[in-house]
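Dropping the structures in below, format is structure tokens.
Two complexes, one shared chain (chain A), two partners (chain B, chain C).
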Partner chain A sequence: MLRFNRVFRDGGGFDSALVLLALAYLVFFSAFPLIYNLVISFQSVDLFTIATFDRPFVGLENYRDIVNDPLFWPVVRNTILFVGVSVVFQLAIGLALALFFRLDFPGATWLRGLFLAGWIMPGLVVGAIWGWLLAGDFGVVNWLIQSLGLTQQKIFWLSDPSISIYSVIIANVWLGVPFNMILLSVGLAAIPADVYEAAELDGATRLQRFFTITLPMMRAQLGAVISLGIIFTLQQFDLFAALTQGGPSNASNVLQYWSWELAFREYRIGHGSVVSVFMILVVIFVATAYVRSTRHEHVV
Partner chain B sequence: MLSSTPWKRWLLLAIAVVLVAIYLFPLYWMYVTALKTNTETFANPPTLWPHHAELKVTRVWNDMGMGSFIQNSLVIACGTVTLVVLFGTGCAYGLARVRSVWMDVALFLVLMLQVLPASLMVTPIFVAFSQLGLLSWPRTGTILATAANKLPLYIVLVRAAFTQVPRELEEAALVDGNSRIGAFLSISVPLARNGILVSAILIFLQALGEYVYSRSLITDRAYQPATVGLQFFVGPNASDWTGIMTFAAIYVTPILIIFVLLQRRIVSGLTSGALK
Partner chain C sequence: MNIAKLMGAVALVTLSTPAWAEPVTINLWTVDRPGEYHYKMAEEFSAKNPDIKVNVRSVQFPDMVNELAKAMATGEAPDVTYIDNPDVALFASRKLLLDLKPMVDKSSVIKLDQIFPGPLASVSYKGGIYGIPRGANTIALYYNADLFKAAGLDPAKPPKTWDEVYDAAKKLTNKDKGVYGLAFSAAASEEGTFQFLPWLQMAGGDYNKVNVPGGVQALALWKKFIDEGLASKDTLIRGQWDSTGTFNAGNAAMDISGPWELPRMSKDAKFDYRVALLPVPKDGAPRASALGEGDNVIVANSKHPKEAFKFVEYMYEQMPRVWNEFGYMPAYPVKVDKPNYPQAYEVFNESMKFARNRGPSPDWAKVSKAIQTAIQTTLTGQSSPENALAAAQKSIDGVLSK
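And then the complex of A and B:
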């Protein structure tokens, strides 16, 4: 009892116990499912064997099935397209807005904060709103681009197979811009003003200052924002559920949505797990790069 | 920061207002559509302002069964926040106070678990929960899974709040004969309460918008939250847009109000936690 008091009541055991309690929860509900996912990906699982523990192991059969599935490569291509285009536009628009709102005018901080209203919205609601904005016949976006004379015909954003993925990208960029902008603003604010003043005295133009001061000094911040952007984009599921549901005929399907469809629509749970394993490996790879880069910054 | 002439400042302000207006147009369109009549909704060219505004809150609330959806959303969000605060606050405190190799390992683990996408975790969780019989309590299952998904973010944010609390105050309490848990509850937690409160509200708002776990683990419509409810009505064949937008507006208006009120604090908490 005395020993217990010394360690937990008064000593360092208290901190360890608190940390271990939360870690135990995370291990049980996050780390264990992660490993269990890997196990399932080697098993044959259907609705009849789901509740039993002795499911047959089938080796790499699920992996072979997925890689040979005619959908696999189109879906991989869509995922790369979705992540690549989303991250580039989120970053470009986010950086442009961050630079603009750093200028000196009344209400800059307050107006900048209003952008975050988009960020806090549930993804499913954002998807529903964009579904209405982009609706083929009565959508306001079609009306706008037609009256501006950009196209003659209506664009069927959600039902045209060659376009549907871009409508999800548009909604995802809208959702991601505020977060990019805020994080980049923090980085911009950390650059000392006298560096700019010195450069200005030396006769550097605005553009030169941007490329020789802003970009190099923002390197760590940009790295963090890009990694977080990739991670959030790979997590994006709600927009697909609300907008296209991967359709029409899988033209806008991405790995994270396909994995869920395989498991919960077609009950091919083993196959869904295989896709999850692929995706989780990618996410962990990006996250390691992100965590290591921020840790590194912290030490310096 | 970069000084400019007065008229230029007003020009910049005008541009900024236009930028905000363009960005927030989708939200505006949600509210405007919610106020329009059905015929006006499908008018061509679309009207930018409702000519015969009508409030359909009660009709949509009753017809779409929103009462049960919103109630379930609140149950799931409250349950999630309770679990997250219970498990996360102490952990964040420990991680902020102790510097050792093991704590670095623990922090690294937390940061890594933060990024796992719910859509990919839901398959093994569904299988495990059905084996454990947890699917008979679908909302509890959803709460447990959502809490695990949000816990790392909360820990990271609250840890940043605890690092701001001076260690000396706590040591003084220990000298006065407090136990560690006494000092933690009576000194550290009250001093970090702003950070804790804002992080908890952020988690609450995020949990209100949770979709994947609810959609996958809850099959009985009586237990489904508002996101899943909304999903019934949208999709490629959606037609009752004024009803859908009313549903969306009822659902997100409280979220937006809470957010606008706490915007500044949420932003500063987020930026200090996410980048350190």
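And then the complex of A and C:
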């Protein structure tokens, strides 16, 4: 007992217990599902074998089916488009707003706080609202652009296959901007004011200050925001469910939605897992980049 | 003597029911919410049968198949449950549902030959009977008689054939006023299949034979509705409820949907709306209509099949009430006194004779998906109706040959 006390209180026992607790949590809730998902992707799984572990292994068959599926490349292309365009615009608008709110004007902080309202709203609610805004026949957006005389024809934002993916992107950018803005604001606040003052005294213009001070000193934050943006965007499911269901004719289908469709609409659970394995690989790659960018932070 | 036995004895004395056995509890899963059909049925049945208690649990409609499969795999399935009719074959093919045929044959309540062919087909699988329809629904053509008059059409003569419905849609479409000729659903979901299948069946095809000239003709007509602006482009992503919303608002002059729309329509639609049978390809062609609603089924390893069947019988007996109280069509011909929405009831009731099952196929979800893909690739112009249906036929053959 004494010995235990000594180890636990004074030695490394307590530290190890804390670490083990966190580790156990990770193993249970992260590692296990990930590995389980990987295992399922090599098995033939349907609704009725989902509760047992004893399922036939089919090797790479599921992978072959998915890669040869005529939907595979269009869906990959859509996913890259969705993630790429979303992240670029979220970041650009988020940074612009962060810089804007850095200007000291009355109400700046609380206006900035209000922006967060959008971010805390559930995706399905945001999706439903954008659904009304973008509706083809009676949508607010169409009414607006028609009354402004920008177009005579209605734009079928959600049901025109060449446009629908961009409609989801618009909603997703709106949803992601506040998060980007807040994270970047924090980064901006950490840059010491005297650096700017010194540069100003030396005659640096606003633009020069932005490119030689702000951007380099924000490197870590930008890296983090971009990585998190990619991960969040890859997770974006609700907006697709609420707006287009990946349609029409899969024109706005992306990996995360396709995976769900395969597993829970067609009950091809093994195939759905294959798609999510692909996504995990991408996320691991991005997460590595994120970890590296935050490691950089400690040096600064 | 335990408490249950004691209570049994008390029940015997007070109610003088021959309840020597302990009260039996049967579990019921439903897609209804409290106050709706199954809750009412359970309450009435338990009141009439004090020795049988019915526990009701609600499951969201889209989750029913998943939840049930999970529960069956882990042995926690209910005794009686609701299953949407195209999903019966999925569970029956795996012997997870009780074949009711032996009990039905002896039943004095349930008569199979009474049931409309569509609902009966939906519970039949390889010679067995795996459920009893709790009711049914189907689709028909709603039309706005006021807009018919305004367009110079006779509201007493709604379109009967595909050519007529096309002509009427053309005459009724008024772009300046934002009125489409027709509203329907071609969504990439079960609803799209539900709406398209009757067109295919009237033209000589079915779920296992989509690649027929009539199917091409039907799909080409649907494409014409969209391309010529007679129906909204949003038809591709909109379900029946939202499509009918545009009809109720006066933004579509005709609409294809089912009787579930009537309560809302009677409130929202400020015009003379009427219902007609779905138009057929040409005069004299066979009719078909969709079959909706679902079935009361008994799970194969239920511990109380007898009591469960008694409950299913009770529900079957209530068929004359389903239209006025719950808004479904009766699944066998019954006499309904003073039906709500009499004109609509008459048409839907007539339509029930032609309502046809989706499937049966244990892989219905995959068959349905192939049909949806054909509809969507055609209507977006990615594929011709011929190629789309040929592709669908190929995937359906693959699914059904397994």
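Of note:
Heads up, the rule we're going with is that the second predicted complex is superposed on the first by the 285 of 300 C-alpha atoms of A that agree within 3 Å, B and C clash if a C-alpha of one lies under 4 Å from a C-alpha of the other, contacts with A are read in each partner's own complex, and residues count from 1 in each chain.
Following the convention adopted for this analysis, a residue touches a chain if its C-beta (ideal position, glycine included) is under 8 Å from a C-beta of that chain, and two chains touch if they have at least 3 such contacts.
These numbers were taken from a predicted model, which means no experiment stands behind them.
In the superposition on chain A, A:Ala108 makes contact with chain B only, while chain C stays out of contact range. By the touch criterion defined above, A:Ile280 lies against chain B but remains apart from chain C after alignment on the C-alpha atoms of chain A. In the superposed pair of complexes, A:Leu158 makes contact with chain B and with chain C alike. Of the two partner chains placed by the overlay, only chain C lies in contact with A:Glu266; chain B stays clear of it. In the superposed model, A:Phe14 lies in contact with chain B only, and not with chain C. Legend: residue contacts after superposition of the two complexes on their common chain; A:Thr244 is shown touching both chain B and chain C. Once chain A of one complex is fitted onto chain A of the other, the partner contacts of A:Phe42 are absent, as it touches neither chain B nor chain C. Of the two partner chains placed by the overlay, only chain B lies in contact with A:Ala22; chain C stays clear of it.
Comparing chain C and chain B on the residues of chain A they touch gives the larger count to B.
Once the two complexes are overlaid on the shared chain, A:Phe89 sits clear of chain B and of chain C alike. With the contact threshold set out at the top, residues 50-52, 135, 138, 158-159, 244-245, 247-248, 264 of chain A are in contact with chain B in one structure and with chain C in the other. Those residues of chain A that touch chain B in the shared complex are 8-12, 14-16, 18-19, 21-23, 25-26, 28-34, 36-37, 40, 45, 50-53, 97, 100-108, 111, 113-118, 120-133, 135, 138, 140, 143, 147, 158-159, 174, 177, 182-183, 186, 193, 196, 221, 224, 228, 231, 234-235, 237-238, 241-242, 244-245, 247-248, 256-257, 259-260, 263-264, 269, 272-273, 276, 279-280, 283-284, 286-288, 291, 294, 298. Note for the complex: chain A touches chain C at residues 47-52, 135-138, 156, 158-161, 164, 244-251, 264-267.
Of all residues in chain C, those touching chain A in their complex are 65-66, 69-70, 72-74, 94, 96, 178, 187-189, 232-238, 246, 251, 365-366, 369, 373, 376-377, 379-380, 382.
Per the touch definition, chain B reaches chain A in the complex via residues 1-4, 9-10, 12-13, 15-17, 19-20, 23-24, 26-27, 29-30, 33, 41-42, 44-46, 83, 87-88, 90-91, 93-95, 97-98, 102-103, 106, 108-128, 130-131, 144-145, 147-149, 151-152, 155, 174, 179-181, 184, 205, 208-212, 215-216, 227, 230-231, 234-236, 238, 241, 244-245, 248, 251-252, 255-256, 259-260, 263-264, 266-267, 270-271, 274-276.
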